[in-house]
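Shared between the two complexes below is chain A, which has chain B as its partner in the first and chain C in the second.
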Partner chain A sequence: MISRSQKIVVWSLVWFSIITLSLPTLVVLGASLTAGNMVAFPPQGLSLQWYEKIALARDLQQAFLRSLIVATIATIVAIPVGTLAGLALSRFQLRFTTAIQVWLMLPFTIPLIGSGIGLMLVFGEWHVLGSLWPVGVACAVINLPFIIWSVSSSAVALDPDLELAAQNCGAGRVQTFLHVTLPAVMPGVITGSLLMFILAMNEFLVSLLLTDARIVTLPVLIYNSIRSIITPDLAAVSVVFIVIALAAIWLLDKLVGLEIFLKSK
Partner chain B sequence: MPNPSPDFRYPLRWRLMDGVERLADTLWPRSMSRHTGWLFITPAILLVGLLVLGLIQIGDASLRVLDTATFLPSEDWSLTNYRKALASSTYLTVAWRSLSGAVLVTVLTLILAFPYAYALVRVRKAWIRKALLITLFLPFFIGQVVRAYGWLIILGNSGMVNEALSLVGVAPMRLLFNYGAVVFGLVQYMLPFAVLLLVPALTAIPEETETAAGSLGASWPRILWHVLLPMAKPGLIGAGLVVFTLTLTDFAVPAMLGGGSQDYIANAIYDQFFRTADQGLGSALALMLVAAGSVLVGLVFMVFGAGTLAMGGRK
Partner chain C sequence: MSGGSSAESTAGNPVAVVAQGVDMDFGTGAMAVKNAAFSLERGRFLTILGPSGSGKTTLLRMIAGFQTPTRGTILIGGRPADAVAPHRRSVGMVFQKLALFPHMTVEENVAFPLKMRRFNPREIPERVAHYLDLVRLAGFSKRRINALSGGQQQRVAIARALVFEPELLLLDEPLAALDRKLREEMQLEFRRIQKELGVTTINVTHDQREALVVSDEIIVMDQGEIQQQASPVGMYRRPANPFVAHFIGVSSFLTGRRTGTGLTVNGTECAGQAVDDIAPGLAAQGAIRAEQVRIAAPGGDLSGCDTVLEGQVSDSIFEGERLLYFVRLPALETTVQIYHHDPAEQAPYARGATVSVGWNARDLLIFPAKDR
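What follows is the complex of A and B.
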């Protein structure tokens, strides 16, 4: 950065962003620790009573478990599908690449409400609504481009000669794939699957459309409860999401480094 | 030459791997190797095909009119639902609100995202960069519902801001459930997307180009206008497009921060399905939204190229 005025302009905008980005998180954290029965400012003393309360709430626990299951299914479906697709797009000569790209971008170009309602109709036709796996599959579909992106961008870094060298040394195709190709794209696979897990865990609209009262996931349960009144127990539940998000960021940083997102493309 | 003893065996892993290789050779003979790319891409194509199946179902439902006597969709197809949707002034208002909101949110988000991405790319100290990244990822990973809940606590009628104002003697204001609250909530929601899509484009700009422009006498606003912004165009297009389409079709923020008075198109569609139970009209609206979004994305791609959104890394 060169001049003083530039520094001031850039950093004041950045600070504004930092505050806007962090404020809801901090406020939710604070509200969950309140000793009163209402979310109030200034806070009325500290207590962990709301955590105690949510630890005993069965519907919350089950909704949390369901969200975990949905996220796990989505990740398990998306890892092989997305990894292979990312490799296919970056390592193989395919015809109709543009058409394939457009097709694979559909999860992003079709609005979520459209995807959600479409999947609701399809799964309804197949009579599978009411179980959790369709929700997981739906989350995998709508976030698939993330994992394809991250895999294909780390595949570009792999030297094709390495694969040839492995085969030259007698490795079969499977061995080459497992010992050369896959480790090379591993950062992409890890980034993609972490994103997939966390986005599926948080997925709200598609969950809202594909679940019924018996199988609500945690974000839907929070949404339904917010409508009536704001109480600190919801803040305590939200802290669960904050903790999970922090854990995911920590893992991402440990395994591949957050700086992976700063690469030029 | 010493013969291997008769009970000599290769390690289990080797034999297993040989078996797997042989299996692969039977299932996918080497002569098929040319088509391995297709083998790899097919599962993804099929999975995304689910969405297209869904669109076909929506298309089918949109052509059937709800029979108000039996509450069943009609057997025959007609364009009545589309006519009804286009003629209604309610939907026109909703569409206008979503569109103008999306434009406003896109502009504001890009104004905030650009300096953030710039700071991320240019900042020298590693710990500041990491802190900026964590600040960005935390809300991104927390999800819309929890974030909107945070805003409800802050901006509510007896929320933090109003309580704080009342301490200094200002009467409580209605900060929630209006256009501004929804736009603000959406900007906050979109900011991480925009920054992450801008960063690759800014990383690709060497710092020397700025230094060079500066040494030739350009002030920083001129460098920004004539060097940075043009060079970051692919990123700006990608980020702008994603923010615009996500905003246009958002559901949670208008629902939670708009309190029913600030519905966007997605909320109107949801209401048709789950409040009015008119699947046909809801489907017609949904399909028109999909069409509008796709046309827009297609146009931008045709005019400007895929920007930073291209998959596969080949340029």
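What follows is the complex of A and C.
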């Protein structure tokens, strides 16, 4: 039983978290709706003028398109690699499991600037810098652990005898994989793919290192602009980002149900 | 690996499954299955009964082909099974945790073996419907698996295992997770379906009641070894050793030495009959079922009993249809358990009360003392 005072503490913490987590979003949303020329909260009057402006800005549009391309490439690369790796890690007894798990922790321990510079050196060596696909591949590489996690948490939740049951039904190895294992972890694959897409869409540091002036992605473009002057159009762009993220969550809920996502470790 | 019975591998072979000297060693210390040998006739319902960890699942998985015996041979329908990949065996299995396909509907789960085994696609819907009918799930074909109750999922698993009409049905404790009422209902269901289809079935359980209720034959296993194979009645009446006597039913054990007419325990002669020949004077163990011991007021009517002793009630448990007494017998320095029916007729004996206890010689089974 939870006592009354425990209840109060828990709910205070919940509300504190909700407010602190959503405060920046609310501020940026307010600022983007301003009728004035300055980033301000609360906004001075309400208008959609800044949304109109960003909808017409060619450089923003192109950077947005590039970010979409990068995110798409990253997702397409990550799906097969992440799915197979996630399955291998959770459904087969592998040697070096500990080593692999350490590797999966790397994104939290190695600063992105480190891996970013590493990738920059590699791609520079191959003379492929200057096109978009290396940025996509780089985003896939640095965020791969997320999809691997997503898939393997979906896979460990499955009955360990699932594949044996498929064999017992007469399915060979390939059929078992195609008809049973893969569809059964599909929620994890979908979750992981959306995560990869959003992370690549938002990826700043690695994009900064791997792009030049001709191929800036949206986060890099925003960064370049705030170095000169902060105008409310950037707030509007941020809101667009937030809307995309919300759309991804909505899609996730439609496709696999959020409870799976919340249950996964 | 003698080829004795594999020679008669004809289509009309009455023997469905034979195991010969089967070992399974995972290399983790004790062997999971040791020298298992049994045979099962076509159409029979066999239950493998044993405590947890006794090797039941391992034995079943070797029959299904998921594990290869370290030694020995398993014949299915007269043919050595090790040459046949698991997905080519004509064996249907219901797994302990069911292992239903979560991304498929009820109908798709049941149709899956038919698709994989290349049944005529036009035949599939009819067959699926027939088997869903058999397990009484006719209205549920479009449901998702996680929208079903435990008992309904159970039935889907059974339909999936039976739909391709395997030579052999394997059940790995599929009822263990159900509550008692539903479990007993499903036990009768298993029995009904098995009799209706006549499919040879091997069921695994640690529930002695289930084994007695559903089976034509029981194998009791302990620590990887088969202790006895017999019919339920035979197993109950004539346990082959103290372990079986202990595992099935409620028995009391008396430790002493073999005499000409029974067993001497702590200097007191107890009438009994030996299961195996034991030379007089050797250490021996007697076992007697709680329902074979009679209890009466001191000097009460225990006519016909070959042994009558006095004792004190040390405890009693009310089980509804009967009372279970624990009676301390000072002469034997031991406590025996006694079932006493129809307790409503008289007030139960109080704790500490002195009572008379007796039994017939044929009911005290005498085994050689374990020399392990």
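Convention: the second predicted complex is superposed on the first by the 237 of 265 C-alpha atoms of A that agree within 3 Å, B and C clash if a C-alpha of one lies under 4 Å from a C-alpha of the other, contacts with A are read in each partner's own complex, and residues count from 1 in each chain.
Throughout what follows, a residue touches a chain if its C-beta (ideal position, glycine included) is under 8 Å from a C-beta of that chain, and two chains touch if they have at least 3 such contacts.
On a predicted model such as this, the values are computed, not experimentally measured, just so you know.
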Practice prompt. May I ask you to decide whether A:180 touches chain B, chain C, both, or neither, giving the answer as first, second, both or neither?
Written response: second
After superposition on the shared chain, which partner residues are touched by A:6: those of chain B (first), chain C (second), both, or neither? first
Between chain B and chain C, more residues of chain A are touched by B
If we overlay the two complexes on their shared chain A, which of chain B and chain C does A:25 touch? Say first, second, both or neither.
first
Check your understanding: Regarding the shared-chain residue A:97, is it in contact with chain B (first), chain C (second), both, or neither?
Key -> first
- Query: Given the touch rule stated above, what does A:172 touch, chain B (first), chain C (second), both, or neither?
  - Reply: both
Chain A residues contacting chain B in one complex and chain C in the other 172, 175
Chain A contacts chain B in the complex at 1-3, 5-6, 9-11, 13-14, 16-18, 20-25, 27-28, 31, 38-42, 77, 80-82, 84-94, 97, 100-101, 103-115, 117-122, 125, 137-138, 140-142, 144-145, 148-149, 152-153, 155-156, 172-175, 198, 201-205, 219, 222-223, 226, 230, 234-235, 238, 241-242, 244-246, 248-249, 252-253, 258-259, 261-265
Listed in rising order, chain A residues that touch chain C in their complex are 158-159, 161-162, 164-172, 175, 179-180, 183-184, 186
Per the touch rule above, chain B residues touching chain A in the complex are 17-18, 20-21, 24-25, 30, 33, 36-41, 43-45, 47-48, 50-55, 57-58, 61, 111-113, 115-116, 118-122, 129-130, 132-139, 141-154, 156, 158-160, 163-164, 187-188, 191-192, 196, 199-201, 203-204, 210-211, 214, 219-220, 242, 245, 248-249, 251-252, 255-256, 265-266, 269-270, 273, 282-283, 286-287, 289-290, 293-294, 297, 306, 308-314
The chain C residues in contact with chain A across the complex are 64-66, 85-88, 91-93, 95-104, 112-113, 116-117, 160-161, 164
